[in-house]
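Each of the next two complexes has subunit A plus one other chain: subunit B in the first, subunit C in the second.
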Partner chain A sequence: MNPTFIDTEKFRAQMEELRRNGMDFLRDIIGMDWGEEGLGAIYTLENSSTHETCEIAVRCTSRETPTIASVHDLWSVAEFYEREVYDFFGIKFDKHPDMRRLFLRSDWVGYPLRKDYDESEAINPIRMENEIPEDVQRDYEIAEDAERELYVKQTNKIFGDQYIINIGPQHPATHGVLRFRLALDGEEIRKIDVHCGYIHRGIEKMSEKMTYPQILAFTDRLDYLSAHQNRHALCMCIEKAMGIEPTDRVQYIRTIMDELQRIDSHLLFLSCAAMDLGAITTFIYGFRDREKVLDIFEEVTGGRLIQNYNIIGGVQADITPDFARKVKEFCNYQKSKIEEYNNVFTNNTITRKRMMGVGVLSRQDAISYGCTGGSGRASGWACDVRKRHPYALYDKVDFKEIIYNNGDCYDRFLVRIDEILQSIHIIEQLIDNIPEGDYKVKTKPIIRIPEGRYSAAVEGSRGEFGVFIESRGDKSPYRLKFRPMGLPLVAAMHKILKGAKIADLIAIGATLDYVIPDIDR
Partner chain B sequence: MEMKKPEIKSIPYEEFKDNETLEALIQEINKERTNVLVGKLDELINWGRSNSLWSLTFATSCCGIEFMAVGAARYDFARFGFEVTRNSPRQADLIMVAGTITHKMAPVLKRLYDQMADPKYVVAVGGCAISGGPFKGSYHVLNGVDKIIPVDVYVPGCPPRPEAMLYGMMQLQRKVKVEKFFGGKNRKQSRRDMTDGPIIVTNVPTSETDNK
Partner chain C sequence: MLDFGTITTTIDQYLHSVMPTQAALIVECILVALCAVLAYVMLAIVMIFMERKVCAAFQCRLGPMRVGFWGLLQVFADVFKMLIKEIISIDRSDKVLYNLAPYLVVMSSVLTFSCLPFAQGLQVLDFNIGVFFIMAASSFGVLGILLAGWSSNNKYSMIGAVRSGAQMISYELSIGLCILVIVVLSGTMQISELVEAQRDGWFIFKGHIPAFTAFIIYLIAGNAETNRAPFDLPEAESELTAGFHTEYSGMHFGFFYVAEFMNLFIVAGIASTLFLGGWAPLHIAGFGAFNAIMDYIPGSVWFLGKTFFVIWLLMWVRWTFPRMRIDQVVSLEWKYLLPIGLVNLLIMTICVVCGWTF
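Then we have the complex of A and B:
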């Protein structure tokens, strides 16, 4: 990956031209601290029809007041990405409508991903008092009557006088610790403000101090329902950088494991979406079948949810002798069960009424917000990385990219159900042909990546998961960035929710299928 | 009347680990004599309490998925009386801290704990809740929930297997049984603690800071 460096003055004009030329998908904005060369950001763009990519880097000379022109009007998702860069690097984006921190508390001191950030406990102790939102203004008034009491008058800069309801961070239907503030008019949602960061674990900063094999352990804990794919992405990126070519056997195992993980994730999606809408039976069915995937994982890798299976140059341990038999058994079993889900949940009148036509995301918005994965494909955008930029064995197997066109909750749900069948189809093509060979390539005991910038992307269970590494030749990266699958989905929430009823929020949140630790990292 | 060893139906007493802690607790309680009537009533109440532990659905990350698995078809914690989960802390008996607690989440967790009614218990599930786990060195992670709330049972693992969670819950059942409900011997918080407990907003901006 070789980004083109552009001056801050010419940056905005250049980006406008790229947008006009069809670069309509902003994959990611990677904030950077190049030390003495200044702060900056790398923008990775893609043309959604030709799949042509391009990288633009911009550098500010001033460390005191770094400013870059905002591109939130060209790509809607930039609003959130820019807030993330501001949060971590303190780079301000000119003309950004809402320049607040995205993950950290508003009273956090310093910008943690800067190289000169001081991590000491004294500067940022654990604050046990409530956070006062940045958008609340407090005025003090003395009542005019005889008592002359002091009143606090709060006005809200974002919501104004609208009635605000708070959902989360501890709420069963937010799928983790996401927090929304909603302005309501009766039952209708007028405005939404998303708060992330309740599970921000600082993985990217920690990675800068760790060796590459150590960093691998973090990837499983980002989106724990695409543990294999995440780790696959990082291994692929490191292998690409070091010039290691994994054996065919490894590629087969990785592809099969990726697809098993996808089935696992989609089953959990089915269970949770059903439970959010009140269908407990489907939850039990989904988990019953998911345990069968976990059994296979457990036998091969030793782990149920978090497997730590991929390593640089291969996999941790060889597959067990009866792996193929068990996987085939599972595939046959699972195919027959899809019918059951459809009978009990998908074709249910209540389900259809709560999902059809609710929470529509148009194709154009899906691209502008960068909503990849099942949610993007339900809106008619062919965004599968397995087809766009094939990796592992995906160019050798036959499978259909599931695309629906309505972009509502029901389509988002159907995409996942159909993808389970496609994953089974992929596995069936591979399972009988796993070639003999080594299950890992020998690597040096200390892994160093040659100087440069590298990136890799895989199709995670809920979208494109990307890894970016900037190396200076050390045994730990200079900068490591993961492209979250869920952040674009959350960024698009306010677009999808406008005009929806508050009960629809649950259906929309459930079918968008985000995992919060992946958003917050 | 003396308090007996806490026996639960699922596993015999001798097969549990860490019986010494409970025995020390029993000894302390047995220092003071109890009326038979009150003692019997205590036994009855503890039998009821330990077999219907309602937990708060509180999950921040990976361990939460395993918590769901414990509740689902194969592991089914309804067998032991834990199946009722509550979404409101006011109705919950225990909080299972499943997942990493970050700086931003810490005041929220403390507030949830304060909102729960006594007697209340805390189970720290997974490496992150116990000590920060793999994220120990991070700038934004609380290294163990016991720094902000008292923990009754620790369940190690990353994430712990469902069986480990069940075992942890059984340990909690035994701990519930060695408490006296009457007489106030085992109250977790004294009255003074309780006034210290709730979060008090201290950083209210004054009019001077607002003008800045």
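Then we have the complex of A and C:
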């Protein structure tokens, strides 16, 4: 990956030019601290129809007041990405409408991903009191009544005097610690403000001090429902950088495991979507069948949720002798169960009424917000990385990219159900032909990546998962960035929620299928 | 059939013979209250156990199996746990209303419960506007729910309570219309007479099409009245965590819980009294021997059997359907059930006037 460096003055014009030329998918903005050379960011762009990619890097000379022109009006998702860069690097984005921190507390001192950041606990102690939200303005006023007492008047700059309700951070339907602040008018939602960062662990910061094999363990803890794919992406990136070519056997195992993981994730999606809509029986059905995938994982990898299976140059352990038989058994079983889900839930009148036409995300918005994965494909955007930039064995197997066109909750639901069948189809083509060979390539005890910038992307369970590594030749990366699958989905929330009710928020959240540790990292 | 009226009369006469009238009345009141509350609690325990097992069966599970044989003691363990839990007081809540609300809900439920005819002569109140009284008593439960939501100082509770108010008041109309259909058919509001009239044939058969329509509408509306899926929006756990009872703990929560279960029993009990003949056995005209055998089965068994059948129907629905949205719930009532109910009442009236009933 070789980004083109552009001056801050010419940056905005260049980006507008690229946007006009069809670069409509902003995959990620990677904040960078190049030390002496200054702070900056790398923008990775893609043309959604030709799949042509390009990388633009911009560098600010000043460390005190670094400023880059905002591109939130060209790509809507930039609003959130830029807030993330501001949060970690302190780069201000000119003309950004809402330059608040995204993950950290508003009273956090310093910008943690800068190389000169002071980690001492004296500066950022564990604070025991609540932060004062940045959007609350405090004025001192004198009461109008006879007592004429001095009191603090709080006005909310975002919501004004609307009726505000918190969904989260502890809420059954957010599937984790995500917090929405909603302004309500009766049951209808007027405005939404997303608060991330309740499970922010600073994985990117930690990675800068860890060796590469140690970093592998973090990937499973990002989106725990695409643990395999995440780790696959990082292994792929490191292997690419080191010039290691995994054996065919490894590619087969990785592809099969990726698809099993996708089935696992989609079954959990189905269960939780049903649960959020109040159909608890379907929830149990989904979990009953997911258990079978987890049993296979447990037998092969030793782990059920977090498997730690891929390693640099191969996989941790060879597959068990009856792996193929068990997987085939599961595939046959699962195919028959899809009908059951459809009978009890998908074709139910109430389900259809609750989902059809609710939470529509247009194709244009899906691309602009970078909503990849099932949510993007439900809006008619062919965004499957397995088709766009095939990796592992995906160019050798036959499978269909599921695309629906309405972009509503029901389509987002159907995409996942159909993808389960496609994943089974992929597995069936591979499972009988796993070639003999080594399950891992011998690597040096200490892994160093040659100097340079490397990236890799895989199709995670809910979108494109990307890894970016900038190496200076050490045994740990100079900068490591994961492209989250969930952040674009959450960024698109306010667009999708136009005119929705509280119950619709739950249906939309369930079908967007975000996983919070992946958003927060 | 065994008439419980004789037993109660004997007790009444005995009490009057050993003490003055006033004292006898007080003793009777206490006895009746004790029996009613005891039956209420016992049935609640049976129902909670039944719900767990029925739900487990629908979900391909076994349900509770560890506590006692086949999990029989599970509910007792649950109740014990709930009893020893702390009742939390909420900061800046309206203390009086907050503490009053669960009692209002449970009171309304017990009051309605005691009007149900469990067998011939086995009912607390039997007067000429019995059905009307049941409706009045059952409808003030919503007051407790509204107060609970209002006084909790919690926005989720508030939204849940408002939803509950909108839903219950709407569906009360349909319930009223369905009951009116039966009142038109039987010409009485007294519960004992209603059941007596069904000895030769249950109203759902006697009133054929309009009665059957009314039965279906009653089940839908009754399900909505009890706040159970697909009408469980007031406590939609994935939207409002627990709705109006979010802030309640310990036995205060227990009251809501028990009242909800017993409201299900009451709805099913009224359905079986009005449509399925209450404690009246199944009689088919012309089959004397069959009718005689049916008469040997005690009335309370008939009543409970029919009631639990209806409860099972409602549980089936509850564990199958997803939840509706508030606008869909309200439009279902006002756009569909209410007009159908009104036309149905008209048809029944015409049938009765023209004598087209069995």
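Annotations for the structure displayed:
One rule holds in what follows: the second predicted complex is superposed on the first by the 521 of 521 C-alpha atoms of A that agree within 3 Å, B and C clash if a C-alpha of one lies under 4 Å from a C-alpha of the other, contacts with A are read in each partner's own complex, and residues count from 1 in each chain.
The criterion applied here is as follows: a contact is a pair of C-beta atoms (placed from the backbone, for glycine too) under 8 Å apart; a residue touches a chain by one contact, two chains touch by 3 or more.
All values reported here derive from a predicted model rather than from experimental measurement.
Judged by the touch definition given at the top, the superposed model places A:I284 against both subunit B and subunit C.
When both complexes are overlaid on chain A, the residue A:I238 reaches neither subunit B nor subunit C.
In the superposed model, A:I350 makes contact with subunit C only, not with subunit B.
Of the two partner chains placed by superposition, only subunit C is touched by A:I165; subunit B is not. Once the two complexes are laid over each other on the shared chain, residue contacts for A:I506 go to subunit C alone; subunit B is not touched. Judged by the touch definition given at the top, the superposed model places A:I256 against neither subunit B nor subunit C.
When the shared chain is aligned, no partner comes close enough to touch A:I192: not subunit B, not subunit C.
When the shared chain is aligned, no partner comes close enough to touch A:A41: not subunit B, not subunit C.
When the two complexes are overlaid, the chain among subunit B and subunit C that reaches more residues of subunit A is B.
In the superposition on chain A, the residues of subunit A contacting both subunit B and subunit C are 171-172, 284-285, 288. Across the complex, subunit A meets subunit B through its residues 103-105, 107, 112, 117, 119, 124, 126-132, 137-140, 169-172, 176-177, 197-203, 205-206, 209, 217-218, 221, 224-225, 268, 271-272, 283-285, 287-288, 290-291, 294, 304-306, 516-517. By the touch criterion stated above, subunit B contacts subunit A in their complex at residues 57-62, 64-66, 68-69, 72-74, 87, 99-100, 102-108, 110-112, 134-135, 137-142, 147-148, 158-159, 161, 199-205, 207, 210. By the touch criterion stated above, subunit A contacts subunit C in their complex at residues 163, 165-166, 171-173, 187, 274-282, 284-285, 288, 344-345, 348, 350-351, 353-354, 501-504, 506. On subunit C, the positions that touch subunit A within their shared complex are 55, 58-61, 155-156, 159, 163, 229-230, 232-233, 236-241, 319-328.
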